[in-house]
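Quick one: structure below, then a few questions.
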Amino acid sequence: MSKLSYISPEGLRIDGRRSNEIRRLNMRMGVLNRADGSSYYEQGNTKITVAIYGPHESTTQKSLFDRASIKCEFAMSSFSTSERKVKSRFDKTAYETSTLIKQAFESTVLTHLFPRSQIDIYVQVLQSDGGLKSAAINAVTLAMIDAGIPMRDYVCACSATFIEGSALMDLNHMEERSGGADLLLSIHPQLGGVISINMESKVPQEMFESVLDMALAGCKKIYYLLQEQVKKHSKDLMSNQLVG
Amino acid sequence: MVIQSLSPSEIYFIQQGVENNLRNDGRTRLDYRPFELDIGEISHAVGSSRIILADTHILVGIKADISAPDPLTPNKGSLTFSVDCCPSASPEYEGKGADYINIELAKQLERVMKDSNSMDLGGLCIMPGKYCWNLYIDAIVLDSGGNLFDALSIGVRAALANTRLPTIRITQGEYSTVDFEVSDDPEAMQSLDIDGVPINVTLTTIGNQFVVDCSGEEEQCMDARMTIGVNKRGNICGIQKGGVAGIDAHTINQMILAAKQVGSEILKTMDNVLKDHHIATK
Amino acid sequence: MKIDFRVTNPIATSIPLDYKIYKQQQEQQKQNEQQQTISVPVTTTSEPIKKRTNRSEEQFRQIFMKTGVVSQASGSAYIEIENTKVICSVHGPRASPKTELFESAKFSCELKFASFARPGERIDYMESAKEKDLSINLRQSIIGAIRLEKYPKTVIDVYVMVLNDDGGVLVAAITAASMALADAGVEMYDMVSACSSICIRNQSISNGSNGSGSGNGSSGAAPKVQSSILLDPTLQEEESKDSLGCVVVAKMPSLNEITQIIQTGELSYNNTIDGIDLCIDGCDKIYSIMKQNLISSLEKQVSKKLE
Amino acid sequence: MEAFQKVHPLEFYKKFLERSVRPDGRGLDCFRKINISTGSIMTTDGSSFVKIGNTSVIAGVKAEVALTPTQSDNSISSNNNNNNNKMFVNVEMGPICSNIFSSSKPSEKAMSLCSQLNSLVNRLEINDKELYFDDQGKYSWYLYIDLYCLDYNGNLMDACVLAIMSALKNVKLPKGIVVESSASEAPQLFKDTEQPMRSLNIGTYLIPQTFVLLNDYLLTDPSLEEEKLSSGTISITFNDRFEICTLLYTGITSISEKILEQCLEKTKKRSTEIINLIDNCCTTINNSNNNNNI
Amino acid sequence: MTEKTTMTTQYLSEININIYTPSKRLGLMHHRSNCNINAGTSMQDVDVYSNKSNAKEEEMYDDENDPKTQFARNLVTPGTTISKEGEYLKGHGTFHHQGSLIASVSGVVDKVDKLVSVRAFHSRYQGEIGDIIVGRITQVAAKRWKVDCNARQDYILMLTAINLPGGIQRRRTSSDELQMRNFFVENDLIYAEVQAINGDGSVALHTRNQRYGKLMNGVLVSVPPALIKRSKQHAHTLDCGVDIILGVNGYIWIADSAQQQAQTQLIQRHEKDSYDQPLFVPPQVKQVSRESRQKIARVRNAIHILHTHYMLIHTRSIMEIYNMTLNMPLTDMLTPNKARQIITAVHTNIQERMGFKDDNEENDTDMISQFNHDTEMND
């Protein structure tokens, strides 16, 4: 591939964003009728819908006697990527993302309140333009809140990388394929705890600090937007009752 | 909530309701629930549509690529259908659960849309024998509230209406190689003629009456189901019966007549909606 | 993943075409050589329908049936409709591996084509969508006739193998399956007989454009095409370009209930209804043949036991 | 009587074997009724249906054309030597023939049988000229032999070998025409349907025979029950010059040469009978022969 | 059979199909969605947020007296700390973390002197002793039935907790255990009360009362439990002649009152004398006339409209919509924009009534005052 410069001299990226900006977010809650909680999450061109069933009677035997068990399934629709490839739900990347989501929410949801019950999370990717893992985690957070499942705090995730000497936030597909260091950070914004850090490629020590800070700032920004959306959604719900 | 399974008395109540032509939600036997249709929502796809029929929520995306045509039909493009009931529709579709339903839905669509040569596949051919368009029509069932067959076919027809294929110019290169350029300016887009594309009308027998567009709970007390493809010219483009019970010959003729009637009604209303969408998105 | 032990040929092989047809196409191409700028490679175009020599439009092909052909199966049947040969074996109500209680038996069907079954290139082994679709339709047609609640917590498996496909595969499979179930002694409301019919556009009237003729957008008006309805089509008739549409009907004759209707292709309302009526009385005829065969097979088995 | 057979099958059999007779009335050395019919499948170039007692197998041969591998390819091709594997055998034992097989995973019996038959089929001395598509031999025929077991009641090996022999005898190959069209496109291959079809003459006959050891009695042509109770199976295939093509022994107990000698003798004795069996089934060669004695 | 032919041909003519643009716009297509802040080209990012990246606990900037802000102050989302010191008691939807009380669900904060709890909008039902609920039997286990009540896990109905037919009181023998199936079978609907909540969170129900038991010949509608207001009486007979049971767990049962009375009398007569034979309900008792079916359908659609617009469901709100749509054909209530018109009309009615303040509501509080905490608690 010809040496595509990821950052133009004035500091703008390929899609016109500056290095510390996230893609446009567009979210809705309560999209599906039959699910207990559902959300539609759009970050740039990555579009995801999440449905949550639960906590309900656990069907399989692996129900835990003292807390709820969380099951997650991640599926990509065949028209999600540019070239059409039928991806079954059982390939490696799908499993990897679903376990990541499962672990993130096992530490967040107050599962001890529902012994011997089960929470099912179903993530469906409608269109993918990079940043799938972080978008999925944010979408599941919204769906959990819509389902009224008690949680310690939001789970906000953001990806960051280090290309051509500067740290960039919230990567799209092309930046992800650029081969730079790809870091995914998910945190509890208010309690301040870090839930998971995934970094695949090697990065010098000092660079790591700046990439981490960029990811942290990204998560905070996303948290602010998520909260904004939840408040707006709650106000809509209550508006009928309030105005009376 | 797990798929509602009904108690015998509820099933009896619904059957009585269908008997004197007043269903639980007030509809008569041949009434369709109001549904919402939106087209052109997925930017990656050449054509897409979204249909919400009460609780059923389906998203259809069409992608296209160019390849050598099937040697048996050198001057025709190809259509491939695939349906994916994702578990968000109901926990039952998790893991392998949805395989049979997906195949049945996809095969029914193929039988109605493809075998009845409703689409002029010749239009999809760029150069007979050498290059033609292959359309991959993928549907996702996000939420299932009964009557998947009809909603799917309406969604696919709307998505086909919304399809815009870049025009291709063929230039005769030297020593008989052929090169062609893809022009992607939005104006010179080639759209498909969906006039002949049929839609499904599913009639379900409950007791000894038959109903159209049955909801999730009515499907629980279904004896038999007949899905009939109808196109604008009033021809029958594909019939498939489902469900356990049998149907006697006389009812079948009536069902086909009713399907023709309801089908043409839906097609008429659908085409005006597509026209305004077309004007809106111009 | 299925480990594929099959012995495969590294060199890609293909089927030689018929020289006679090739010669005719060469002459035809020479006449209209001028307009044709890009040469169209010679392909196997399906020839128009040959008039039926041995039987009239409403007549069946010659049918041969035999039950009890597979000793290991609890019930089996072999059926030959002229050149369509199908063998079916039923592994009767047997314990189901799954433990949870279900009051009625689970019924599963599987249909497979032998790799030499169809003309043309050998089908390599793979679970094709066509086979799955036929299995679903087969199960749909038969399940209505079996008294499933008589066999709680059991599984009834029907396996059908198509040895030679010359049209009407689903019809042969349904008839063979219901004969095999009867042979296995499974309680049934009635045997299911099936029949197929096809609607052909008569050559003389058709205005040459394939597809549904001239009906352009005039909703409701059937295309002005003279068509006739043939019973029990062969593969050549089914796949010819003159065929407008095909109807398969499966029926329980004594209860007069239709358990399955499949119609493909684009037919006007009257053609569809005529096709269905033709199939319905076709089913009754086949039903009587099935009964005779079943009785004669049972007699043979009883007499063999007495010796 | 059935109860005793079900509860103690081995003693039940011992009682019979002492009087050198089998429960179904056959002697130790006599065979089940064999009948072979050919040409029943229209869409194949050659087919056969073999029924030994209750075991029945159907074989179909499809011939396809491709470039003849030149000498250079020949050297690297795998061990089987003559007519550099132009014939490919596949065996399918689906749930049709008995409930012990499932449609998903192929059974080991089918796999072992498939490899044995593949090596066996290359023992037939069919010289390359027979399989030439056109006169210069630039293209040649490749035969795909597919065997489907329709009823598994023991002694499948014999049934398969007989099925292959009769199917190959029934093969009809048309005369080939190669049309060299314009330089760029590959030459097109046609079959000349006017000229009569020529059949394949096969160098030798394969005479299969399977024995079973049941507590030191030697039984020929075992049924499924006998196979299950046996402690070892011996299967031998001769060609018509009594050279041994394959000799297989699988079993838990070891066997002495004496028993092997016995088996070889018995097979020799019976070979003439099998040869004319294969011949007379193929002499009634007429395409419309679809006798239905399945 | 002839009756059927006339039926179908007669109304084939007036089939009306109506298609709308979706009310819940997903806005998948980027630039056309109208809900984002500044409409720009799809790739241009919303940078209005970037400079607020260090938003601390931001203040509510609305003015004080507008009821919306007064309510908005109570709105919390998971993770927001409700009180720093720790003198409050932890109720539902909250948890302690390093001494401060933090909300775990997004909803409205209810402070009752020391007890703080947060009520979520959508959430599964949490059983409390004495709650009247409608449930569906999912499984017949040893000496108990498992009942699905839209709750976190299936509730348990013990064999000992039901009335034996004929009202006799005796210990349950093993023969009762064998005939459990002729009391309740899978998928049966029952009307029961929460008896006890055990230590491990599982909840026991009981039907030890003449009114409770199996529900037959009616329609079930399920709504989020938060929409059902907890009140003393849950089984009502609406003045339009329809019986309705507002289960606290969100399952609502609708049936025709005349038919239900005839049915209960028949069951009582059966209980008295022939309680050993199985109960047989003759068809004419099961019969529901067409008019009552229309009433039931109208009530069902009214509840559906209240549910989609997330309004509290109780007898008065249902009857409000019922009377308003009397002249409207039933199918119109299903169409989204007609439903919106009905809701706005309902709002204007309440507005006027609120303005006069003349009505002396019976103990059933009207919708607005319901939100100041003191009245709701003493319900």
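So that you can tell them apart, the chains are marked A, B, C, D and E in the order they are listed, and the count of residues begins at 1 in each.
In the analysis below, contacts are C-beta pairs under 8 Å (C-beta built on N, C-alpha and C of every residue); 3 or more make two chains touch, one makes a residue touch a chain.
Which protein is which chain? UniProt says A = Exosome complex exonuclease rrp41; B = Ribosomal RNA-processing protein 42; C = Exoribonuclease phosphorolytic domain-containing protein; D = Ribosomal RNA-processing protein 43; E = Exosome complex exonuclease RRP4.
In this text, all values refer to a predicted model and were calculated from it rather than measured experimentally.
S.K.: If you apply the touch rule, which chains end up adjacent to both chain A and chain D?
M.R.: Expected: no chain.
S.K.: Quick one: point me to the chain whose Cα centre is farthest from that of chain E.
M.R.: When every chain centre is compared against chain E, the largest gap points to D.
S.K.: Please indicate the chain closest to the centre of the assembly, with centres calculated from CA atoms only.
M.R.: So the chain sitting closest to the middle is B.
S.K.: Centroid from C-alpha atoms only, then distance chain A to chain C, rounded to Å. What do you get?
M.R.: The mean C-alpha positions of chain A and chain C differ by 50 Å.
S.K.: Taking each chain's centre as the mean position of its Cα atoms, how many Å separate chain A from chain B?
M.R.: So the centre of chain A lies 32 Å away from the centre of chain B.
S.K.: What whole-number Å value describes the gap between the mean CA coordinates of chain B and chain C?
M.R.: Taking the average C-alpha coordinate of chain B and of chain C, the gap between them is 26 Å.
S.K.: Out of chain A, which residues touch more than one other chain, so two or more?
M.R.: Only 31, 36, 45, 47, 56, 126-127 qualify.
S.K.: Which residue numbers or ranges of chain B touch two or more of the other chains?
M.R.: 1-2, 42-43, 257
S.K.: Of all residues in chain E, which are in touch with two or more distinct other chains?
M.R.: 24, 26, 28, 30, 42, 148
S.K.: Which pairs of chains touch each other in this structure?
M.R.: Result of the pairwise touch check is A-B, A-E, B-C, B-E, C-D.
S.K.: Considering only the defined contacts, which chain A positions touch chain E in the complex?
M.R.: 15-18, 20-26, 28, 30-31, 36-37, 40, 42, 44-45, 47, 55-58, 65, 110, 113-117, 126-127, 145-154, 188-191, 217, 220-221, 224-225, 227, 230-231, 234-235, 237-244
S.K.: Chain A touches which residues of chain E in the complex?
M.R.: 24, 26-28, 30, 33, 35-36, 42-47, 49-50, 52-55, 67-68, 71-72, 75, 77-81, 93, 95, 97, 102, 104-108, 120-124, 138, 146, 148, 152-154, 200-202, 226, 309-312, 343, 347, 350-351, 354, 366-368, 371
S.K.: Show me the residue ranges of chain B that touch chain C in the complex, using the header's touch definition.
M.R.: These residues of chain B touch chain C: 71-72, 74, 100, 103-104, 106-107, 111, 115-118, 120, 127-130, 195-196, 198, 226, 231-242, 244-249, 252-253, 256-257, 260, 264, 267.
S.K.: Using the touch definition from the top, list the residues of chain C that touch chain D in their complex.
M.R.: Within the complex, chain C contacts chain D at residues 2-3, 5-9, 11-20, 22, 41-42, 64, 66, 69-73, 78, 80, 83, 85, 87, 89, 91, 94, 110, 112, 114-119, 121-122, 125, 157, 159, 161, 163-166.
S.K.: Which residues of chain A touch chain B in the complex?
M.R.: Residues of chain A touching chain B: 31-36, 38, 45, 47, 49-51, 53, 56, 59, 73, 75, 77-84, 86, 89, 120, 122, 124, 126-127.
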